[in-house]
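Note that the chains take the letters A, B, C and D in the order they are written out, and that residue 1 is the start of every chain.
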Amino acid sequence: MSRIGVFLCYCGSNIAGTVDVEAVAEMARTLPGVVYVETNKYTCSDPGQEGVKNAIIEKGIDRVVVGPCSPRMHEPTWRKLLADTPVNPYMLEVANLREQCSWVHKDKAIATEKAKDLVKMAVAKVARLSPLHSTEIPVHKKALVIGGGIAGMQTALDIADAGFKVTIVERETSLGGKMVMLDKTFPTMDCSACICTPKMSEVGNHPNITVKSYSEVESVSGYIGNFEVTIREKAKYIDYTKCTGCGACETKCPSKVINEFEQGMSKRTAIYKMFPQAVPSKPVIDAEHCRMLQEGKCGVCAKVCPTGAINYQDEDKLTTETYGAIVFATGYKLIDWKPLYPEYGGGKYPDVITGLQFERLVNASGPTEGHILRPSDNKEPKSVVIIKCVGSRDPNKGKAYCSRACCMYSAKHAHQYLDKVPDGRCYVFYMDVRTPGKGYDEFYMNTVHDGAQYLRGRVSKIYKEGDKLICKGEDTLTSQQVTVAADMVVLETAMVPADGIDELAAKFTVGRDADGWLVEAHAKLRPVETNTAGIYLAGTAQGPKDIPDSVCQAGAAASKVIGLLNKDKLESNPQISRVNEALCQGDGACANICPYGAISIVEKQFRENSRKVTRPVAQVNPGLCQGCGACTVTCRAGAMDLMGYTNESIMREVDALCQW
Amino acid sequence: MSAQEIIRARAKELLESGEIATFIGWEAGRFTNQTTPLVITDAADAGKLVFNEYCANTLAKYVTDVLARGKVGLVVRGCDSRAIVRLINDKVIKREDVYLVGVGCPGMKDRKTDEPLKKCTECRHNNPLVFDEMAGENAEKAVPEDRFAEVKEVEAMTAAERTRYFESIYAKCIRCYACRDVCPCCTCRECFVDQRRENWVGKQNNVAENRFYGLTRVMHIGDRCIECGECERVCPMDLPLMKLNRKVIQDMNDLFGEFESGLVISAEPSVLTTYELTDREEFM
Amino acid sequence: MPVVENNANAIPEDWEPKIIAFCCHWCTYTGADLAGLNRMNYPANVRVLRIPCSGRMNPQYVIEALNKGCDGVLVCGCHPGDCHYVTGNYYARRRMMIFKRLLEYEGLEPGRFQVKWISGAEAGKFRDTVMKAVEDVRALGPINLTREIPYFELPAMPDDDEEAFNAVPEEVFPEEVNA
Amino acid sequence: MMKYANFPGCSANTTGKSFTISTNYVAKKIGCEFVDIPDWNCCGTSAAALTSPELAVALPARSLAIAEQKLPGLDVVAACAGCYKSLRTSLVYARKSAENLEQVRELIDMPYEATTDVISLLEAFSAPEAREAIAAKVVKKLRCLKVACYYGCAMVRPVEVCDFDDPEDPQSMDELMALIGAEPVDWAFKTECCGAAQQMAVPKEARPMIERIFQNAWANGADCIVTSCPLCMLNLDMREAEINKARIAAGKEPFDIPCYYFTELIGLAFGGQASELGIDIHFHPAEQLLQKRAQDAIELEKAEAAARAEEERRQAELAERIARKKAEKAAKEAAAAKEGADVGKEDAR
């Protein structure tokens, strides 16, 4: 038989003013299982709490009902109090006598009746609770950052500087991401490489950071503090312990391939470094285009390599390590506008380029050494049309959202063009100009003063006549149709999530929104966490951002990781789902419905009818389960139950209430 | 060769070859035109198998009883095959656990009245949907015009009439659980009504507890019900149980899109264990 | 027993509706607390039962409450899209839509079982929902569900044909089996 | 068997006469049968939509309902792009929901199930069967003729109504033209509006809409424009002279771009005479170009034949040289072997 102690609170006159607490206490004494009832002026005060503790010990109480304010207010307080007594902290029920009774009713008689019911319900429920124990989860003091762009690098540096080991997984051959492709950064116009490459080498040389370039996450299991991650390091065909990065191999390689880093505007060799300042500063062999690896003929790079670092027999390497926290800094790519905008030629015209291609054109280390020359004939364009919101804010063809950075970088592109081609004309077609940010609007106004012609409207068609690209559009401010004969058109295309993020997110059970961006746990209050505990977001993986915002979020994610890694152990929430394996049929409905991927179906051996049988049953991962209880309702057999809110205890509450 | 002859021949061959361990079909019962399900393990018994227009019982659920002996062969009509699909989709059995001899079904008759069975007049898929081989040809059968006609009849009553109607049903129910035992959706290792759980469904036989059982049964099977009508046929009190099942199915059809359960083997979640962001919103 | 179309006339004088409200911890329970903090006033006929998420809402709780004599049941959770557990209320929405229709099919008055999404900020909506539920249920009167088997409904024996039952089997083995 | 219900439309025997003539010519040759919908009525075109949305749905629906009853199982073909779009719009509306269909039935007061499909003539002639038949019947390839295929605004847009070809860069007519040996050029105004509906009302704004179509076709090297819409045809063909007059006045070079229906060119490739196909009744002189290109084609073929002959000659010469070299080499080797043998003999001695 349970020994229930009921502790009712006056809360000064807050409760006692409308509820006859003594009458409630009198009723409580008659309830089955109740051995002790006490009223107190302020139960939550130190003397009040002391009184509860003493009563528990003196009366041999094994479960407790308190009747004060809302459990949302003080439930943790009561749990903490019980932790100091022989009573299990989860053998507790709080009757909300203040927020949901005394404060909302005026008639004392009615409020007292209701308070009695609330106490009855609480007593009924607490009698059905069972002691729960939170388990301690060890925390592996090591973080994994997925993605080596500016957000990933910043996160890694911040975590590493705090003294924890970090691994960066980058699927390209070098760190740097998109930022290192850019020429200059708005609004200060510092050279992107000048501020990005030092970060890259800092990351590369940091004693706490391991960079795994040309690598991808293969699989993952586990939970917060204990993610077991297998990383596939793709075959580089070069022994990095021997390679000095001299580059002799690159100059001799006979195989020429389209250069992705230069946005397809130049060629690279099959053995290549992504760009000169790459980190790690060593090449890889692109197996698909290497003559030696494809046809078994060539081997020039091995001949010229002074250190014998070339290894054509290299294979993918799999390594598995345990990490305490994971940060997604997987970044973005530009939307593939070609199939979406046939009216812009759909890729038919080489001189209709994207913003990123323009960045490479204007970059001193780019294919044209910084001279703005149009791809078709290497002539300097004398008039350029810039079209904003290509794929952004266009739910019919592209995405409904605003890509956030394009207003500023299109202003930058106009500025750079007018700077390099002083006699050129630049037209910018826009829907709105959005420049919230320090120094942003000033930058935009300067571009306008430089002579960029801003036209409010969209371009409906681009076609070629002679060697001109005719852009037809509307100036909605004057309601005039406008036609611009341009030499080159720059499309400022929308940001979309990086390739492969769908599979990666599914591996980690991180949610994605309708557009594919990773979803934060709360849009306002938990913007860098995900719904999976221990996994965080940095940069454009979460949605379009510019560089300052990405870096900010990277720092925020890092501080969350540092906070987690600082702990030696985590205490798990014991109010989670539990499986009754005798009833479980293993059909997996619960596993399908679980938003955290906390339930898996495993084959287990049982002894049934004096026979050994192996059958599937559900298994709850205590590190992932958050205790929502959705699985309990899906389970028809009732094999799933939620600790702290068990089916029986809720039914008892309902019954207690119906007896009123 | 008649379907019955093919079934006998195939059962014999399959058992003799050792491909299956047991074969489930029907045998002639004690009374005129009566048949009962038959499980044979010996090829010599194949001659006992019958197939005629009085094979009322659905066979699929017997698979779960005899599966421990090895692969099961059985005769499947439309309803049996959907029941097998149901069991596979609920991961109770695997496709390779069963060898299905399909047979076209023209609809079965009540042995006493010689009238078509209610469940067969309402049936929309009389020919097997999943099978390994067919014994004979598919059969023609009229498909009912309105799948939910009987639901609409009830809906036409006033609320008070409906209360009384269903309370009289629950008053008649003797809680024999025949409807559950025969249902291919009811495959829990231990049904909630059999479990000893305090404050859950009571064991008394009264209207309230019977209502608890009845409503819970519908909520448990509604989104997976294959509309075989077996629950209704086996009910010793002749309770119109399909009026409840079909109500839920009708609402799901209206709200979440057309569906019929148990038509194809798939891992798709059932209607109530999934959702769409665009589901109708009526609780704002 | 005559079919009672409306028991409003038979409402006892000192009768007060009993309503149980299942509220999710993260939104509606918070909203109810906020109503308290704002000292809003609403009828005391509603008792709140805290569940972690509307996705935890088992239809059986409702059946139990109505069976045991509760006059009305409210189920409240976060707005779709705001669920603390991301998806719980989407499942609840489907399940409750079906279940509500089923109960009404069995003759339950729509006012007795209501579902509402109330966020943690919508104290006013919580108050209004409670007031409306109490008003609706008060107009409907005490719940009128039968618990025990009424004498007039004692079922007849199954109408099996007794002859067949008592008769000597006509044919123990049909011919074709022997053939 | 290619058999269709035909919705002639108001232009069939008036402004679009040559379209009808040439279509019938081609259809007969490839064994395609068109049966006119009995008692068809005006499709309503843009005028009905401006009057009332119900009228715009009901007018085409009536003709479709008749087709459904009297010509069951046949798809309706509309040659005119305007008719095609009106019919499709009405059909798509009726198919959208049971309520819509019921409404249409009430409007026309006829039984109607919206089962009959509506396709354009271009679509009918682009069907694989028709294409095969066309390819088989070509006797005179229209080589050297550079055509700008002009689909007009109504044929492929809006996608939710028409949806048989790409709305920005349709290809079906280009493919047909390639089939008969003509060279379709890649140009930008395939689906641009020709402004036909506004030419009377706002000529100042509308004339440039025609001019730019000619301008772009010309800039992309087209000899002529090929259309599939009688209204576009009328508009372009009739006003080219007027535009040229204005261009001359402005000191610009006038265009010389005849327009054809695609069926006219197919008929021509089948060996038809210009007069059999209605090419002789165009506004802009349309026959000279064809004659000139036919001449070009003959010359091209001559040149090609000469080139082929030259190539054959070169191949033969090459083969001969190789054979000679081989023979020389063999002789040399034989001589060397003999000499070696002789030397050997001498040595032996």
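What we mean here is this: a contact is a pair of C-beta atoms (placed from the backbone, for glycine too) under 8 Å apart; a residue touches a chain by one contact, two chains touch by 3 or more.
Since the model is a prediction, treat every value here as computed from it, not as a measurement.
Centrality by Cα centroid goes to chain A. A comparison of the A-D and B-C interfaces places the larger number of contacting C-beta pairs at B-C.
Centroids built from CA atoms put subunit D at 53 Å from subunit A.
Separating the centre of subunit B from that of subunit C, both taken as means of CA atoms, is a distance of 28 Å. Chain geometry summary: the mean Cα position of subunit B and that of subunit D are 59 Å apart. If you average the CA atoms of subunit C and of subunit D, the two centres end up 67 Å from each other.
Residues of subunit D in contact with at least two other chains: none.
Residues of subunit A in contact with two or more other chains: 593, 634, 647, 651, 654-655. Counting partner chains per residue, subunit B has residues 199-200, 273, 277 touching two or more of them.
Looking at which chains touch one another, you get A-B, A-C, A-D, B-C. Subunit C makes touch with subunit A in their complex at residues 18, 20, 25, 29-30, 32-33, 35-37, 39-42, 44, 47-53, 55-58, 60-61, 64-65, 68-70, 84-88, 91, 95, 127.
For subunit B in complex with subunit C, the touching residues are 27-28, 30-32, 47-48, 50, 112, 151, 154-155, 158-168, 170-172, 174, 199-201, 205-209, 211-212, 215-216, 218-219, 222, 236-238, 244, 247-248, 251-252, 255-256, 271-273, 275, 277, 279-284. Those residues of subunit A that touch subunit C in the complex are listed here as 70-73, 96, 98-101, 103-107, 110-111, 113-114, 117-118, 121, 511, 531, 575, 593, 595, 626-630, 632-634, 642, 645, 647, 650-651, 653-655, 657-660.
For subunit C in complex with subunit B, the residues that touch the partner chain are 3-6, 59-60, 63-64, 67-68, 79-81, 87, 90-91, 93-99, 101-109, 115-117, 144-150, 153, 155, 158-159, 161, 164, 169-174, 176-177. Here subunit A touches subunit B in the complex through residues 128, 514, 582-589, 592-593, 616, 634, 636-638, 647-648, 651-652, 654-655, going by the rule given at the top.
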